């Protein structure tokens, strides 16, 4: 061994070789994805229902999926920038139309559910669960309501719907300055459930989930207070067989039942 | 280990960052001292020879090899010149042992040979047994020896390339006792070397001790070169006399030859005999110097023969005991406000002759030691 | 505990460190020892990721690596996939946002090497490359170690840029930090807590090891045992 290398320098070489060994795997990391299933982008309101459906699909077909949840608008933007999702579950069909116009999709997609909004009151909150949102304005005035969480109306369909509902109830102006915007409905739900916000306007599908049950109470808002949440799914260009199979699986009666159980209204098949 | 006889020839000129206007030569086996006060550019000159600094104009040639020639666009990197450099602060690599530091200069050899030769060079500088020590564990003197061994290993191992040994104030960072020892060792070691050696120092005594020839550098200009004794006792002009520390600098007028045909110097009404005439004519105004060694104190109790040469009597104005030597300043008689003569005698001599401030003393100015220079009106013609 | 995410994070950190180290050495050397026009500008550019919000970095990286950019198109031609939202794109982004963490410690370490040491090596006949390998790197090695540890730990913890440039694709760009974010949103607090604790432990171990090793090396550059 060349005597000109000191012990410390030799250690440095070893450290480098270790990181080298670990890093070499990285080059193949991307290549390995082929056998762990297609990437699926799903609106965050499906956070509790879609994994259940995906598990059933896996058991039935032996094929895996990689699910990512987030805001529909964010996913649409990412897909436009080339994100490799093969299947997109949007909470609003306008985003699907956007992608179709940009020639990213295989076709126009299919309606899979109709969404509903609820007013969610976490445990311990002084707000009344009033389906007409009557208490909200009063609470904002007398200081009981410090924060109301909704998803960001700019890119989350449920956030847009929440804004419409609040405007329809005439309380939107009173609530300015008290709104907390979640990046997607799951984050908005987390704000409300943790008690950081005294109330939240959230998807019914999230509020009905068992994980939510003990955390508070909710009341469903009138359907006509917002433009319908027409949730559309679509296969992207170049989607593989697994994605196509899942797309078909979503339309089976079994899945429709699951969706219905979670609070989604179903469109005509 | 003989190397081909290749002399060093250097010409440098630049204005910034350090002004240089320097010419020097060093023959193989010769030790040339580059002397000057701080800031005179000596280290820069050395770095130009080594290739660590590129002057705006100049030439550096060693034997037939042209290391630097700005006009022809040649400027070899330090690694392509065979230069052994001993730095002022040793510049030993702290992560290598003494042996490995020396072996660094032998990197072209196979590993086995490298280690053996490195040990040999360390033994040559009397560091046998310390090969495995790291620089932090060695004293200043030992570190400098390692540095010297490394420089020697670089220059002496290959015999078919011209090489130069450069030392940049190598002994200034060690204590005096160590310095003396190192100087003695260098004096002994260099007898075996047949390459040019350039030593930078601000210490005139060191130059006198070690060098065959010296070059005096001031503000980057090489003022005078020659054997140290010559430069320091026979400076070319008053400015150089200041630089080499000759304090006894006076003005005089050349007189006609005396009865013995010797040249006479008229000074303060006295007629001094001067042994050597560098070419002045009668009536020329000159500056003249006499080194302290050229002044002898007369015995106060009785006169003795041989003290009739250039006698001067005067009053002692200062008498400083500096250990074994006493420095005496004597104001010559009939000297109104002129500057005194400075010389030193062993302290016991001063005591025996009862030299004290205010007392009268007689001295002899040796004719051999008086050196005449062209007169320059620098406003500092006569000084302390 | 999201093991695939952890593996991915470790792979990203290791690959970034491995690739960035030689680049950082190449960049740090002239910054430490040369004077050249625009040196201040280069130093400022290198330091930029330290002060820029990750979203700004992410925004510009999306532009630079996106589908319509030259690198994006080249990558697509070679592999058929997009550079953004892929591990390789994340790796490139990681090289950029880790630049100051790698370059600055190495530059400081090079700066601390006395000029005389390098000059002595040159006068011994060592070429610039040999001097780098035998003299400069051994003497700078605490700085190199610092750069390695900081880059590794910082990559493990990066969130904003990863989210913007990588998205949140399991097995490809879902790092531990993203996974924790995901878990919190899924009300899986125990999962988030477990992964967070693990990240803290890894970072702590990395910094601790760094401190111990650099103290043992001392200022001389060789081991004090």
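General observations
Labels A, B and C are assigned to the chains in the order they are written; within every chain, residues are numbered from 1.
Just so we're on the same page, contacts are C-beta pairs under 8 Å (C-beta built on N, C-alpha and C of every residue); 3 or more make two chains touch, one makes a residue touch a chain.
Computed from a predicted model, the values in this text were never measured in an experiment.
When you average the Cα atoms of each chain and compare centres, the chain farthest from subunit C turns out to be B.
Among the chains in view, C has its Cα centre nearest the centre of the complete protein Cα set.
Distance from the subunit B centre to the subunit C centre is 55 Å, each centre being the mean of its Cα atoms.
Spacing of subunit A relative to subunit C, judged by their CA centroids, is 32 angstrom.
Spacing of subunit A relative to subunit B, judged by their CA centroids, is 86 angstrom.
Taken residue by residue, subunit B touches two or more other chains at 95, 104, whereas all remaining positions touch fewer. Multi-chain contact residues of subunit C, defined as those touching 2 or more other chains: 134, 138, 221-222.
Within subunit A, contacts with two or more other chains are made by residues 4, 6, 9.
Touching subunit B in their complex are the following residues of subunit C: 114, 116-117, 119-127, 130, 134-135, 138-139, 220-222. Chain contact summary for the complex, subunit A toward subunit C: residues 4-9, 11-12, 15-16, 19-20, 22-23, 25-27, 29-30, 32-33, 36, 39, 44, 47, 66-70, 78, 81-85, 184, 186-187, 189-190, 193, 211-212. Touching subunit C in their complex are the following residues of subunit B: 50-52, 77-79, 82-85, 87, 89, 91-95, 104-105, 107-108, 134-136, 150-151, 154. Contact residues on subunit C toward subunit A in their complex (touch as defined above): 8, 10-12, 14-15, 17-19, 21, 62, 66-67, 72, 76, 81-82, 84-88, 91, 134, 137-138, 141, 144-145, 148, 152, 167-172, 174, 182, 184-187, 213, 217, 221-223.
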